[in-house]
Structure formats: C-alpha cells, structure tokens
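Chain nomenclature is as follows: A, B and C, assigned in order of appearance, with residue numbering initiated at 1 for each chain independently.
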Amino acid sequence: MSQHSHAHDHDLAHHHDIHSELPPDPALRVKALESLLTEKGLVDPAAIDAWIEVYESKIGPRNGAKVVAKAWVDPAYKQRLLSDGTKAIGELDFLGRQGQHIVAVENTPDVHNLVVCTLCSCYPLSVLGLPPAWYKSAPYRSRAVIDPRGVLKEFGLELPEHVKIRVWDSTAEVRYLVLPARPAGTEGMSEERLAALVTRDSMIGVGKVSAR
Amino acid sequence: MNGVHDMGGMHGHGPVAPEDEKHEPLWHAPWEARMLGITRSMTYPKGFNIDRFRHIRELMPPHLYLARSYYDHWYAVCVAALLNGGLATKEEIKSGHAAAGSAKRNDAARADQVWTSQKTQGIFTREVATPPQFATGQRVRARNINPTGHTRLPRYVRGKVGVVQIHHGGHVFPDTNAHVQGEAPQHLYTVAFSMRELWGADASARDETCVDLWESYLEPA
Amino acid sequence: MTASLSDHPHHHDHARDHAHSDVPSDPAVRTKALESLLTEKGLVDPAAIDAWVDAYERKIGPRRGAQIVARAWVDAAFKAQLLQDATRAIEPFGFLGREAQHLVVLENTAAIHNLVVCTLCSCYPWGLLGLPPRWYKAAPYRARSVIDPRGVLAEFGLALGDEVEVRVWDSTAEIRYLVLPERPAGTDDLSEPALAELVTRDAMIGVAKVEAPKGKRA
C-alpha cells in the first residue's frame, strides 16, 4: 500500500476543519471570499467580470454548432474533423481552455455517441461553453456508463436495439464533441440555417438534431 | 484515490432530470458566476495546476461532496488551496477580511489577460522519449491498482480488458502532476470496453464505453 | 430548494426529496415526532420500545461474548466444538437470538489475526456483543478494513509483525463472526470469571488483543 508516498499531502485534509465553522449558504461564503481575495490582492474583480463575460457572451454552443454545420455541408472538412478534431476546430479558431485537444465522434445510423466525465465534469468548454448542471451531477456521472439507454430515455431519446451506443468517459484532457447526424428535410439549407438547428444537447449526445 | 467522486456505475443517485436546454439559465445564482471568475483568475500557491485542483476536490469530505452544488465544490477547493498554500488564514476566510497588517499583493491576473488565457492555456500534450507500448486495435487490461493519491483510472474499469481505439501521443500524467511531483508525461490511449466486460452478462451485448488511460494504467492482455 | 450534486435543483417528482427536505434536521426532534405519531396511530407500543432499550442497556452486551471466550480458554473440548460449529456450541449459554443465529468463531493465533467488518452496512454479532460501537458502523472503518487492515489496526494502537497473516471477514450475509482472541500470558491461575473480565469487546471484533491484568504483565 503506497500509504506514505503522499505523506506530504496530509495537509490537504484542511477541508475537514473549516466547513463546520462557515455558514451553509454559498452566496455568503463566496462574497466573503471575493472580498478577502480582493483585499489581499489575490484577485482582481475586473478579471472576474471578464471571465464571466467570456462564458456569457463570447463562448457557447454556437461555436460547436458552426463546426457541425460546416461538417454537414463540406465533406472535406468533415473528413478533416474526424481525422484530427483539434486541427479542424482550430481552423475555425474555436480551440481554447478545456478544448485544446478535441476528438469529434460521428453519430451514424448504427452508432450513437454519448459524452460524460464520471470522475468530475470535464467538458469541451471552448466549443460548447459551460456545461449544464445535469452533466456535472451524480445521476448523470454514475449512470451514463452503466445505463446509457436509460439516461437517453430521460432525454426523450429512444434508440433502436441495433444501434450501438458508445459512451466516452473524459478521463484525460482530450475533449469529445459529438457530430450529430444531419436530419432529413434539410437539403439545400444554408450553413447558417443548419447551425441554428444544432442543439447543445445533440453535441453531448443526449439528443438528436431535428429539421424543425 | 478510491473516493466518492469515482461515480461510474454507482446506483442510487436518482434520475438525471435535465433542464430544458432552451430555458436553462447559465447561472443558477449570481454567486456561481463570481465563483467561476474567482477560480479562473485568483492567485494560487506556487506549483498549483489543474490536476491538483481536481485532487483537492476529491479530498472533500464525502458528505459535503454529495451535498454541495458544483460551484460550491470550487469554493471548497479554492479555500483549501489558500489555506494549504499559506495565502490566507482560517480566520481570514471566516471573516472575509484580510488580517490587520497583512501584506497586499499586486500581481493578480488582470481583465485584459483573460481572453489570451482562455485561448492559450490548457495544452497538455508533451513529448515522450519512449515509443508507445500499445497500438490501436490491441487488447489491453486496465491494471488493478488502487493509488491513495490522485488517479484518473476509474474503479469500474480496473482489471477489465478492452481494445485500444486511439493513441493520443504523450500527455501530462495527472497522478504525479497533482502532487507537484512533475508532469512525467506518458503515452495516452483511448480504450474501448464492452458493456458486458464492465457490467456482466446482463449488460448490453452491443454497447461499449471508451476511457482515456495513460500507459502505466495498462498492461498487455 | 438546496441544490446538491445528487439532486438536480429543479426536479420535483422524486419522492425522497420531499421526505427529507421538509422535516427538521435534528434527528432528536424527528425521532420524537415519529414516536408520537406511531403511538397515536397504534403502530407502536411505547412499552415495547422501552423493553428493547432495556434489553440492550442491561441484558445484552459484550459480557456474553467474554463468557464464551473465557470458557474456550479453559475448556479445550468446548474450544474445539466452538471452532467447529459455534452456533451449536453456545446453545447452552442461551445467547442465541437476533443478529446471532448463525455464528462462526475465528481463532487468533501467533500466526493469524482476524478482523471483522461489514463493508455494506453494519452487521455485527449483537446477540453476543450488544450494540456495535459507532466507529464500526462508520464509513472510515467500513471502507478501510478490507483495503488497509494494518493501517486500521495501527489506529487502534495494534501493530502486527509482517509474519502475521491478517484475515478480514466481511459480514455480507447473516453469518456473524466473533473473534476468539489469544489468551494472554501469565493468566494460568485465573478463574473463568476472572478471565472473562479481561476480555474486551474490541478484542472480540479483532481491533485489539486481550491484556493480562496489570500485576501479571511481562
């Protein structure tokens, strides 16, 4: 038993001491933390604002939707996307933190892909923005790998028996983007119009794209 | 570590019950946004990295891990990092104010650095001197190891046999990086395990789960 | 409604949410309310509750197990029978009952040290040892006994040599395990009741050894 190799990390157990002495309400605690860090010069509130702005306005699932729509209309791009997702997504300048190493996985009539991070909440932020609360929750994290069909059913998606489900557990820094199937009835649509159809959920793999 | 965070395959957590994508708010409360910004831009102790962040989160007492919401986990990690790194005291955390006479730094990340950080940070590929041990299409077994420190080998695959799908080249190795013992990059592979291999004869005969695993997690099968 | 990692903030229909979020958090208050309700509805008789409490406070406890251990130390034939078929062997004592109907006794020797746990919940030989201690039912003991028994024993101040085999028994079924600790040296002249006095509950779980009385230790 490698009990002693991390002896110097015993101080990491500070979690245990302090939480019973702090108020349960996170709003109060975060406010106190921000004040403290600001007073000590450990954070610049303007930088906090800037990060919020990044995820509220600059990065979101519209990035991933553009990647998908381009793959639908441009077979050469789709080829590049599936053989080297990082490079192809980089062509559209959509790489970034938690999205520097991306593998695109294609849904076909026979294979349906589903992405999860059982160990924490790893997610391709640079192409999909912030993950939804359910993605980071214990029910999804625990069930996606053992009962993917049951999970998909909760999203209203029932796949035929013959379809193989492939679940991708994001245990490393590789991020997975599902390339959903292009729905019928979208022939001739512009790339822009197609992108508008692509849902965030379809790029995680819990939904399909419909022609609306 | 064999913590409660290692959730793959657990029962009893209830339904996923997702919010409708069209109506879900980005933040469920304003403090979540502040917590995200704090986590991204606060000054951390020297040597801190994402793997350490994840490990400290895993060290949360299990009852708090399960009861607290996601961004509240980030709060717990930031507080632990500040305390462990000597950047703040327990009293300061509790009061929300710097102790009288304590030093104020002037090197916190600035707003104008944020977009660059977003674009350029988080590249984990590294050169590895040795050639890869495994090839795509090869059968491998996830080793039955139970490290007490940080690992990204989930319990549900240990001892199970799968097939290498992708070789990603060298990646920073979290098991050492989380303990500030160096990046020690290793070849990283995506390995596909059939559901039957993972969960037994009653599982789907067709479906599979793919997991990204470093070379030292694997042995030939 | 408080969000948690295990409950999505906005789902309303999961029955257990309502049961646990609408009642006061203090278990003393909740238990009092439950007892009152059950009594009012005739679903429990408070005198029966009192009788159960009395049973575990005064009648059933580790002195029972200690008597069995002491007998095994002085009576070789009994010990042999105990190790062969414990349930049968202890019938004459009148100790069989709930959580003690199917017994196996495990002998500690110089070569083997036994440790009992229930990783899945808190199964314990109540009929012979009374109520389990809090630590036995807690996550740290349940989690660590099977992966780091020596580390657990060290927390109890018990260090075993490398040459000793540690055997952990996980009580996953209705079999209940009782450790027969080694008889300490220097106790040859003690009577059976005096021997029983030495036997601790912890020794019968396997987290301690039995010590000779002060004046007699080496």
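Everything below uses one rule, namely that a residue touches a chain if its C-beta (ideal position, glycine included) is under 8 Å from a C-beta of that chain, and two chains touch if they have at least 3 such contacts.
Just so it is clear, the model here is predicted, and its values are computed rather than measured.
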Going by the average position of its CA atoms, which chain sits the greatest distance from subunit C? A
Which one chain sits nearest the middle, judging by mean Cα positions? B
Could you work out how far the Cα centre of subunit A sits from that of subunit B, in whole Å? 13
Subunit A and subunit C, separation of their C-alpha mean positions in angstrom: 47
What whole-number Å value describes the gap between the mean CA coordinates of subunit B and subunit C? 38
Expected list for subunit A, residues touching two or more other chains, is 1, 3, 133-134, 136-139
What positions in subunit C touch 2 or more of the other chains? 3, 5-9, 147
Numbers and ranges of subunit B residues touching at least 2 other chains: 13-19, 28, 66, 68-70
Please output the residues of subunit B touching subunit C within their complex, sorted ascending. 2, 13-19, 28, 62, 65-70, 73, 146
Which bits of subunit A are touching subunit B when the two form their complex? 1-3, 5-6, 8-9, 11-19, 21-22, 26-27, 29-37, 39-44, 46-52, 54-56, 58-59, 95-101, 103, 118-121, 126, 129-130, 132-134, 136-146, 148-149, 151, 154-155, 162-174, 199-201, 206-207
Subunit B-touching residues of subunit C, taken from the complex the two chains share: 2-11, 14, 16, 139, 143, 147
Footprint of subunit A on subunit B - complex, ascending: 5-11, 13-19, 21, 24, 26, 28-31, 33-38, 40-43, 54-57, 59-61, 64, 66, 68-72, 75-76, 78-80, 82-84, 87-88, 90, 92-98, 102-115, 117-125, 147-149, 152-154, 156, 166, 168, 171-172, 174, 179, 188, 190, 192, 198-199, 203-204, 206-214
